[in-house]
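Structures given as structure tokens follow.
There are two complexes below, and they share subunit A, which is joined by subunit B in the first and by subunit C in the second.
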Partner chain A sequence: MRARYSLYLFTLPALAVLFLFFIHPIILTADMSFTSFKGIGESKDIGWRNYERIVSRDRYLDAIWITLFYTVIVVPALTVTGLFFAAILHRLPAIRNFSRAALYTPAMMSFVVIGYVWQFLYSPLNGGINVALRDLGLGAFEQNWLGNPDIALFSVAFVQVWMFTGFTCAIFLAGFAGIPEEIGEAGRLEGATSWQRFRYLELPLLGPSITVSVILTTIGTLKTFELPFILTNGGPDGATRMLSIEIIDNLFGQYKFGFASALSIIMLIIVLAVAFVQNKVLRDRELSS
Partner chain B sequence: MVRTLLLGSSLLFTTAALSQTTLDVVAWKGNEAEPAGLPELIEAFEAANPDITVELSYVARKDVDKVIPPRLQSGNPPDVTMVDSALVDLWGGAGFLTDLGTDSEWYGRIQPAVSDILTSDGSILVFPLEVIGMGNFVNMALLEQAGIDKAPLTLGELKDACQALAAEGIAPMIFAGGFPAMLFVGANGLDPNNNLAASYGSGERTFVGDENFNASLDAVRDLVDANCFDPALQAGLDPWATAPQEFRAGNVAILPQGAWNIGNFSSVEGLDYEFAPMPSQFSDQGLALDLIGPGWAIPTDARNKEAAARWVDFFSVEDNLNIFLEAEGAYSPFTGGRSTMPDLAAPYTRAREQGSLILWPFSTLEFPKPLQSEWEDSITGFLLDIDGANSETLQRWDDTIEDNL
Partner chain C sequence: MNSVSQGVSQGRRRTVINREYLQKRVRSLLAHGSVLTLVLIMLLPLFYLVMMSFKTSTEIASDPLGLPSSLYWGNYMKALSSMGYVRSVLNSLGITLSVIVLVVLAGAMAAYPLARLHNRISRTIVMIMALGLATPNFVTITPIYVIFRDLGLLDSYLGIVLAFTALKLPLAVFFYTSFIAAIPMELEEAARLDDCSNWQIFWHIIRPLLTPVTATLSLFVMIMVWNDFVYPLLLLTDKDKLTVMIAVYKFVGNTGIDPTKLFPAAVLGSLPLLLLFAAFQRQILSGATAGAVK
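After this line comes the complex of A and B, so read on.
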């Protein structure tokens, strides 16, 4: 009995830190979301007006939709590319370490550097991609990559996938390392091809890695700010304006701290809801397989 | 004896140190990338005021919003801080800035249009440092290749230049959907002879049925017809990184931007360019678009107010302010005095001198802040659907104004 109390006692410092630096700011943000606070001076209570404004204006609903759509593009793409490279590198031990480091390098670089480099590559005026296409005789495929609202979101998503494929690949390689050698050996003895071993033996055993990868990339992508901010600043005409950009614009562009807090609370609810549902579905799937 | 001497000298040093004031100044200029003449000015100020040591803290503009408000609210502000019109409105409105006094010597010398904007309820909370021009950067060497020897100042000249440049295979103009396009649309929508900016900003007058702004959007279509630019190609172009880089590289002849780029462009060897006013339907000399730049403010709770006032007064001396203006490529907000602008800005300076100018309404807060991002977005949308009705674009501006009231 005494030992159980001691255990609770030992968790107190961690709980205090958690409350002070995570729960308390959320409570303050929620409180601020019911005010018209401008970041300085007195704040005025305005009830639910900020939330009413969010649900009654297309602009903010569009931002929520774009954020979700962007996540739907990026997360599967990151999962598939990460899994693809991990499966190949698992079979090529001689180049595994070097390739893993090479793939991970973009994830270690600054968003700002990557954003500006890709902005010049995507530029419709003498940008690297269009020039390369032209030189290869593929001028018909030249695009205004960031200026065309129909493809701008995909162009930004591509950079994010390029940047973080190494991250998901590292997670899956750790998953592959946890699969006992005997299982692959048994598959080979039974005459299974490489694809069959991957599909029917390795993929089911990578369940926990897939859960971790999907949840981490989903949370990270829902909160994405830097790349769309640098590459397009939400443009053209709002085509890549995500919730995070809207929050920053209201905070420091218009000094609407109360309204930005309301948007942040909406974002938190979305992230928590998506992460909870995903976790439940993926865990259930792991157990059933 | 020796002990007495040592004691005496240490007392002397202590007294001197105690009487020395350290002036805490915060600014988003004065670092290595954008010195704005401040190192030189601090040296001169300290020489003229030996009892004051200036401690300049560089804080990037985007960080000022996070760094200074906590200091203002905790009663521990800097003695002097750099502010722009948005910060004056926000901090001054909350009572955190000192009235610098409309009875001060320099107040009477501020250009009337500027002082009208900066004075509120009989008080002035900011000492204005500069007025920055916005217009067209024109690559004269490229124009010459097309047989043109002067920067275009009217809409007709601009269209002729575009056609001549395009015929020579030269990209005539950057017209990125954000800032550059806004400058053109603003210059052709706001009549300098009948300033209605405040009426639009207050919702008293709407954009949607407005003759001037409809004509302004039509003028954009005329530029497209004159081969000035491809609207779909330029709609999403980054106005702050890609666009200036294209001009620096000599890939394009005309770039609408702000005079703060003069230093950047002048560092390119062999780039022969001029800074000209924006061609406008309202003027034959081109329209100068002046942006009210930052200034100095003294927080209400500043510890060294007397020293802070001396710092502000120091900048009111023309020779001192000119050091700042020369480094910035900016005009003085005060009447009279010697211009420090380089010769390459002569066309712009001429338009100002002839009174062909407006104060950019986003810098005077006559247009509310949210309208700026709506302008950027909606003009980009307009370029992407250049044949769409003007009302689709203009209505969005009215909706934003209404939303902000």
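After this line comes the complex of A and C, so read on.
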């Protein structure tokens, strides 16, 4: 068996690339986060000053809060919409494949394109949504969707949910396909309604799919950058200024490499902590149910 | 007498059955119809995108939601001639294909020992891959920019290909590890008795079996690299090296957006991938759910 350790040579190319462009950069980020490096010249060691600045300024605490709040809106919404379509399409095999592909189409497209389209749909005067509301006689509901600080974050979140409903739906449809046919059949013979079958027979068996879907969408949502960048660029009034926007702004707007690194490390800690806790909680729940 | 009443009750039963059957049919048609309508409503923003790309600026201003009066190709002509479309598509294709080749090769190789050996070393490597999967690219973007600048890799195809490869490798390793773990060991053991080297076994026995998962993975990597915005935005500035999405972004701009530029550019930028999706819909969707089934 000892000779088989030479098999590990096969991992060298991958490890080399990952070391050079992933592990080494992470170490450098951690390193730079304790400096006032501005991209050029000398980098001065300033200890924990960058981190102190982050935790003592409302601006950065707000960015962390907005990132988390945005995720808390998007992930449950995506789980519900995905489950909704998957549960229905599971019962309608004739249109299942077509609908699954159709719903998935926005997830195939780039954030840039989707962001631009929705910027137009949301625009206050001649935007598609306000015009549609007016045409339907619902003019009272017209909004400055992206210009009103109270609703801008929800408007951005709505686009993200719309975009990835097809993704969670595809995950849940795969979960439904793994449920033995007899279970639904037994429920039907017992006279259970469609909703009862979903609630008491299928939903408990979808545990693993829900775990995967929640973890994947959470990690994806915490990283959100392009949509708010294109739609609002962090505005109005900082209402959509997430951690990612703050990082890019400090980096390429102000060349504060050291400070941007400290923000990046905070982001990494948040993502890893959330992923770890979620994984633990969801797996435990799966086992106990 | 008897036979008559029998006939009547049979007839009644038939109408009862017919009515039930009819009710069932109508209900099923209604269900299918309403769900299809709902799905099509979800697609409305995409219809809007295509429709707007064919409207003149006067039509957009006077009737923002109406259908174009005729298929006006002028917007497309303008976009095609000034956004450097063909060049950017070739750039994106070249970068994407290079990343796929590197990710597939290095990923499949690394996955082989990880699927076969289970000890502290393999667990550590798997941990690194999991970390790579979860880490947002914002965490590494600052140092990558600095490293690239110092090595002269900014604005080079090589640099961006390597950066993308590192970003997508962990996914490839997970894809391949679970797939190789499911391949029975007997084939390899027979080859090992014949004194085949590890490399011969990998190349002649394992690699040919990986074709289906490679196809799925390649499509997946292609979508992500094609659509990525952050890396090319920061690492490429030379006009001749821009990827499609950056070409769209630079052509459209970020303030005072002109819809007759935006919509055709958005359609052109998405078109290659949407054609790919239309052709390989099944593989792409099975890739999207590969993790869930496991």
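By definition in this document, the second predicted complex is superposed on the first by the 267 of 289 C-alpha atoms of A that agree within 3 Å, B and C clash if a C-alpha of one lies under 4 Å from a C-alpha of the other, contacts with A are read in each partner's own complex, and residues count from 1 in each chain.
Following the convention adopted for this analysis, a contact is a pair of C-beta atoms (placed from the backbone, for glycine too) under 8 Å apart; a residue touches a chain by one contact, two chains touch by 3 or more.
These numbers were taken from a predicted model, which means no experiment stands behind them.
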| item | value |
| --- | --- |
| Three-chain arrangement built on subunit A, subunit B and subunit C clash or fit | clash |
| Touching partner for A:Tyr8 - first (subunit B), second (subunit C), both, neither | second |
| Which of subunit B and subunit C A:Thr193 touches, first, second, both or neither | neither |
| Partner chain in contact with A:Phe252 - subunit B first, subunit C second, else both or neither | both |
| Touched subunit A residues, subunit B compared with subunit C | C |
| Partner chain(s) touched by A:Gly39 [first = subunit B, second = subunit C, both, neither] | both |
| Common interface residues of subunit A - those touching subunit B in one complex and subunit C in the other | 39, 116, 119-120, 126, 233, 251-252 |
| Touching residues (chain side subunit C, partner subunit A) in the complex | 31-32, 35-36, 39-40, 42-43, 45-46, 48-49, 52, 60-61, 64-65, 102, 105-107, 109-110, 112-114, 116-117, 121, 125, 128, 131-132, 134-147, 162-163, 165-167, 169-170, 173, 198, 202, 223, 226-227, 229-230, 234, 245, 248-249, 252, 254, 257, 259, 262-263, 266, 269-270, 273-274, 277, 281, 284-285, 288-289, 291-293 |
| Subunit A partner contacts - residues on subunit B that touch it in the complex | 62, 65, 69, 72-73, 86, 90-91, 93-96, 171, 177-178, 232-238, 241-242, 245-246, 251-252, 369-370, 373, 376-378, 380-381, 384, 403 |
| For the subunit A and subunit C complex, residues of the former touching the latter | 4-11, 13-15, 17-18, 20-26, 28-29, 32, 39, 85, 88-89, 91-92, 94-95, 98-106, 108-113, 116-121, 126-128, 131-132, 135, 162, 165, 167, 170-171, 173-175, 178, 208-209, 212-213, 216, 219, 222-223, 225-226, 230, 233, 243-244, 247-248, 251-252, 257, 260-261, 264-265, 267-268, 271-272, 275 |
| Residue numbers on subunit A that touch subunit B, as the complex places them | 38-42, 57, 116, 119-120, 123-126, 144, 146-149, 152, 232-238, 249, 251-255 |
